[in-house]
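Presented sequentially are two complexes of chain A, the first with chain B as partner and the second with chain C.
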Partner chain A sequence: MNSKYEVTIGLEVHCEVMTTSKMFSSAPNNYNETANENICEVDMGFPGILPVANMEAVKKSIMMAMALNCKLPEYMYFDRKNYYYPDLPKGYQITQSTEPVGVNGYINVYVNDEVKKIDIHDIHLEEDTASLDHYETYSLIDYNRCSVPLLETVTEPCIHSADEALAFLDSLRRIFLYTKISEARTDRGQMRCDVNISLAPVGSDKLGTKVEMKNINSFSNVKDAILYEIKRQSEILDEGGTIIMETRRYDDSTGKTYRMREKVEGVDYKYYVEPNIPPYKITDELISELKSKIPMLQFERINKYITEYDLSLYDASILTKNIETALYFEDVISKNIDPKIAANWINTRILGHVNKEEISINDCTFKTDDLVELIGYINKGTISTKQAKDVFYKCLDENKKPSVVIKENNMEQITDTNEILNVIKEVIEENMELALSYDPERGRTVDFFVGQIMKKTRGKANPKAAMDLIKEELLKLKK
Partner chain B sequence: MITKEKLKDYANKLMFDMEDSEYETLLKEFDVIEKQMELVANLDGISKVKPMTFPFEMEYVEYREDNNTRTVDYKDALSNAKDVKNREIRVPKVVE
Partner chain C sequence: MSYLDKTLEEISSALKNGEVTSEDLVKESIDRAKKYQEKYNSFVTITEDKALSQVKELDKISDNPLKGIPYAIKDNFSTKGILSTASSNILKDYVPFFNATVVDKLNNCGSIMIGKSVLDELAMGGTGTTGHTGTVKNPWDEKRLIGGSSAGSAAAVASGIVPFSIGSDTGDSIRKPACYGGVVGYKPTYGRISRFGLFAFASSLDHVGCFTRSVSDVAYILDALKGRDEKDMTSLPDDNISYSKNLTKDVKGKKLFYIKDIVDRENYKDSMDEELDEILKNFDGIIKNCEDLGFVVEAVDFNKELLKAIFPAYITISCAEATSNNSNLTGIIFGPRAQGKSIDEVMFNSRTQGFSELIKRRFVLGSYILQKENQERLFLNAGRVRRLIVEKMTELFKKYDGMILPASGSVAPTFKSETIDKLSDRYLLLENHMAIGNFGGFPSITIPCGLVNNMPIGLNITSGIKKDLELLNIAYAIEDTMNYKGQIAGGVKSE
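Our next item is the complex of A and B:
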């Protein structure tokens, strides 16, 4: 990073809304690889069509606006944005310009260990366009995506690094997932990002010339594109050149951005209110109803876990990556389990298994009650921590409860002092010479005897009890 | 003020061309429209009038419930297209 220049970034993030039908038509809204399967007359812009807004999409857009702390309008209005392109059969896109569903919002995100406030200019509900596949000499149009409900979130130019941009995108995606507003799958193009980036000398009160990068479809590509653009623009400025206001595209195969077209400021889209969709009053009752459906989001949960449960930011961040894991954790600790122990088990063993199997934690056969039971056995000393790991994997492999696995495998620890002492006496007699040479300053003799005890008990002796008792017995021999 | 240069610029942006006689016809039409707009703009208190996009207060508006779906068969939907390939409409390449 060239420290002579301050980087300023604004993001425009498009995210498809999860609904049964499309935004303005009754065609199904689901991902379909068969071209032109999910289409109807409205999507194709045939003469005489009338768009009818999808209430579920409207509700979800209001929820998202509230989750982003935006100011809501009194009425839901739609506008026409007029432009000509093959992916837009009507010649205009139904969107929101005069009264977006949310304005002047913000979210707080963690960038490494620091909290950063990202200001939201607006969020608006619109319809997606058709998708174009480009070949050597022609392009093909698939209308499946036409009129899929789309939420566009526009940040203020308040982001100053690739890390901040990534932290924002990740947090935004988590909000979509927590609220179940979108599946937000970048691999299916459900979440796409335009990046506006400019560089200005440090201390300058003016922003530099803005370069736009359109339709970047993965977060790692956003990061790479930003880093490349910072380098490219810095080099031009270092050599005394000027940055051209333009639209560029990022090619992930080369890791470079390429010029698409010169950007014309203030393209006139001839916006006007969509006359075919009447305004919908956003009532206080609707706002209350939707507010109650927004769960505690990731940022708030992280802070709660840190302050109330004394977890590290790292552990809290992993537990809150998705709401299912957070709810799993909260269910476990509601049953009197130490939060740190629960976090350790979930973040290592359980998420390790879930990630390996590529399943949701809800589909994991090791339920919260099983973890509570297992940790209970460790706390009571019935099994050791090492044995608990074996029990955990056996539970998964055999789809059994911890109590059953422990019983079937005769894994209960021997905690009875007399029983352990009997084994210790046997071991000492078998190794009397070593026992007599015991030096309390050196631990290796104790380790050897503990090893022998574990061998004789097939690992069932409580290791701590065994160690304490062998030390006592060896000391007695010295007297 | 609509001028021939402006119309040529718009035509260029919308990627079509017109004969000179067509420009003259359009200019005459815009002249009438502009004069009428000027008359309206000079009406007393016009700035206080709200846009009449939705002139009537609507007490009850309900949007569509999201519970049913219907589709049109792709063969019907694409039947008027000049050029279809692999279930999709083929157009000249639109990116460089």
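Our next item is the complex of A and C:
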């Protein structure tokens, strides 16, 4: 990357809100492959329709605004954004312009191992538009998406690299998932991103000319698009050229961006207050009700895990990727299990399994109680760490409890001193000569006897107990 | 005399007593509609077949005062399976697949829709002359207009085709044609009746209301139509009052006011004519009658500049909202679709062909008003004027139960009359004050109160927000001092 230029990036992230019905109609809001099934007269803008604001979406938007540390308005109300395009059958989009549900917010994110504060300009609730496919002589319109509730999060131009952009997008997505406000699936277009990017010479106090890239539908594409634009714009500037203010489209098949249109004077959307939706008072009661529904989010959890449980940033990040895993972890350690051991088990074995099977940790048959039990057996010395792995996989394969697997496979170690002593007596008698020649300075004799004990007990004797006891018995012979 | 010429109350009891059947009533109503159609042009569509089949299904509907009563509804209401054009070419072939809430409610009552009535194109206009199927004529005098925009609905009641009809009122679109047609025209408190299915003109000013031939008939219709509608967020919760059962003529001690400047002859020195003189005299007489009834009537001062700003504020707000509200009319999803090489061209051509010049002029105005650089000066300032007027009215309604004023300074104009000077005091003060009711969402009613040159004139009464019952009681009492209840064009009376 060219270091002569400082990169400035602002993101506009659209995320569909998970609700039963659409933002302003009673049509269902769910993913539907069949075009034009999730529609009703309101979405289609037929004469005489009126919007009815979806309270579930309104509440979720207030919750998201709080999660992003935004300032809330006193009243929730909507504006009309007027423009003609068939993806918008009413001829206007109902959105929020004068008084968004949240302004002046921020979130902290980890970029690699550093904390970066990303400022949020605003977050507003609006309705999604229909999707259009253009062909040579005709266009097809699918109105399923039309009027699906959409939250648009707009950052300040405070992002300075593709990594920072990605870290923000990932954190934002985690918040949507933690709070269950959205499923935030990029593969279904539920989360889409516009990127504004400009380059200016390092040290310049003015921002460079802004280029906008619209509707990028995956995080890796956002990264590639940013990297490509940095390269493209750097080259132009290096050659003494000027950047044109324009809107570009990222093509993931070529990895390049292409000009869509030059940005002449901003379009005048003639915003005005939507008259059919009365202002809705955001009361203190509502705020505290919604606040109580926001769980501790990823960033705070990471920090808690690092400071309170002494975990590494790496482990803490993995454990907190989704709330289900974090809650699994917290449930395990609440039962007196060492956090590091729990983290190790979850991050390697359990998540390994969950990821391979592509299931949620909640659907994993190996429940928190099973892990607590299993780690307990290790701690008690009932089984070795190596055995524990086998028990774990057997539990998964056979859908059984660890105790059952251990019993069925006769894996329980012999820890009873008398039982081990009986075996020791036998092996000493069988190898009396060697026993008598025992020299505490040379460990090989002990190793041999331990080996014999293991052989006789088919490996079930607790190795440490066997070692301690044989040493004792051999010393007794010396006296 | 036909039962059709009677008031709703009378017809309903005649139906119950078996003096007449709904079928006969509906048939006669349709016959009249067809007979008068060429003369007055009240209808875009006469729904004869549907009406006759619906009347046969009436047994299934439980008893209520509107059961079996024929009615007409303005063609800007969505009616399932029935052409709904808003009297515009842009919707000339549009057949909706859903009913407006008021249509559903009337269906449930067993009222029989006999036709969709003509309006000024998209409800924008006050003459009844701009509908795509032609001009509506005043049943009192074919050389005169009936006013608009609910022209056909007014004419249908005035000519005795139906005992009641449904209209919409954004500035005075029910109350002005009611005045010119000599019938009762009422719009309730904003939100009292759901707007779902009414083709939006200016959402913050639009009201659903009705035409009848008596005040008590309004109460019956309001009972049937009022209430919260989950499809309209601005609709009010039901007040659980029966308006028809609670009407009373006992108004002793109630206080009325009128705005001095609006009826002050001094303001009309240059334009005074015999008609206005008669109307003002009539108004003086009404004040006297009111006082005799026990009302306290007072003249109040109201900032004249504000009054003169009603019309420009109304035009500014309504054109702006109309431009946005009618942006759905593109020919893409419904309505006639024009040819074009691109989506943009299809929309452009559909709209160019579908709207008349008058409508386009309103849209150009509306766009201009909403433009970023003009919004503050035009749209938002108009909103401020509106707020100042509403605040003043709200203040007055704390002290008074109602405001009375002449509904118009003239009788229905002839088609040939010179266009009125829209900057004159006479126009700004006398012809626009009823928009106050729309600005504040105040309930407002016009009742016939006299004849001047054999043409009807009307009295407008407006009350405070949610005071619909108080308003109807005032109107009910005043109506009783005159002899125009049940009036049909030509002076036929049911009593």
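Keep in mind that, in the parts below, the second predicted complex is superposed on the first by the 410 of 479 C-alpha atoms of A that agree within 3 Å, B and C clash if a C-alpha of one lies under 4 Å from a C-alpha of the other, contacts with A are read in each partner's own complex, and residues count from 1 in each chain.
By our rule, a residue touches a chain if its C-beta (ideal position, glycine included) is under 8 Å from a C-beta of that chain, and two chains touch if they have at least 3 such contacts.
Bear in mind the structure is a predicted one, so any value in this text is a computation, not a measurement.
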Contacts of A:133 with chain B and chain C, given as first, second, both or neither: first
First (chain B), second (chain C), both or neither touched by A:299: neither
First (chain B), second (chain C), both or neither touched by A:84: both
Between chain B and chain C, more extensive residue contact with chain A: B
Touching partner for A:19 - first (chain B), second (chain C), both, neither: first
First (chain B), second (chain C), both or neither touched by A:41: both
Chain B versus chain C as contact partner of A:275, first or second or both or neither: both
First (chain B), second (chain C), both or neither touched by A:31: neither
Chain B versus chain C as contact partner of A:50, first or second or both or neither: second
Partner chain(s) touched by A:58 [first = chain B, second = chain C, both, neither]: first
Intersection of chain A interface sets (partners chain B, chain C): 41, 44, 52-53, 84-86, 139, 272, 275, 278
Residues of chain C defined as touching chain A within the complex: 76-78, 84, 86, 91, 94, 96-98, 100, 195-200, 203-204, 230-234, 320-321, 323-324, 326-330, 332-334, 343-344, 347, 367, 370-372, 375, 379
Interfacial residue positions of chain A with respect to chain C in the complex: 41, 44-53, 80, 82, 84-86, 89-92, 139, 268, 270, 272, 275-278
Residue numbers on chain A that touch chain B, as the complex places them: 19-21, 26-28, 34-41, 44, 52-58, 84-86, 132-143, 260, 272-273, 275, 278-281
Chain B - residues contacting chain A, complex: 14-15, 51, 53-54, 58, 61-72, 74, 77-78, 85-96
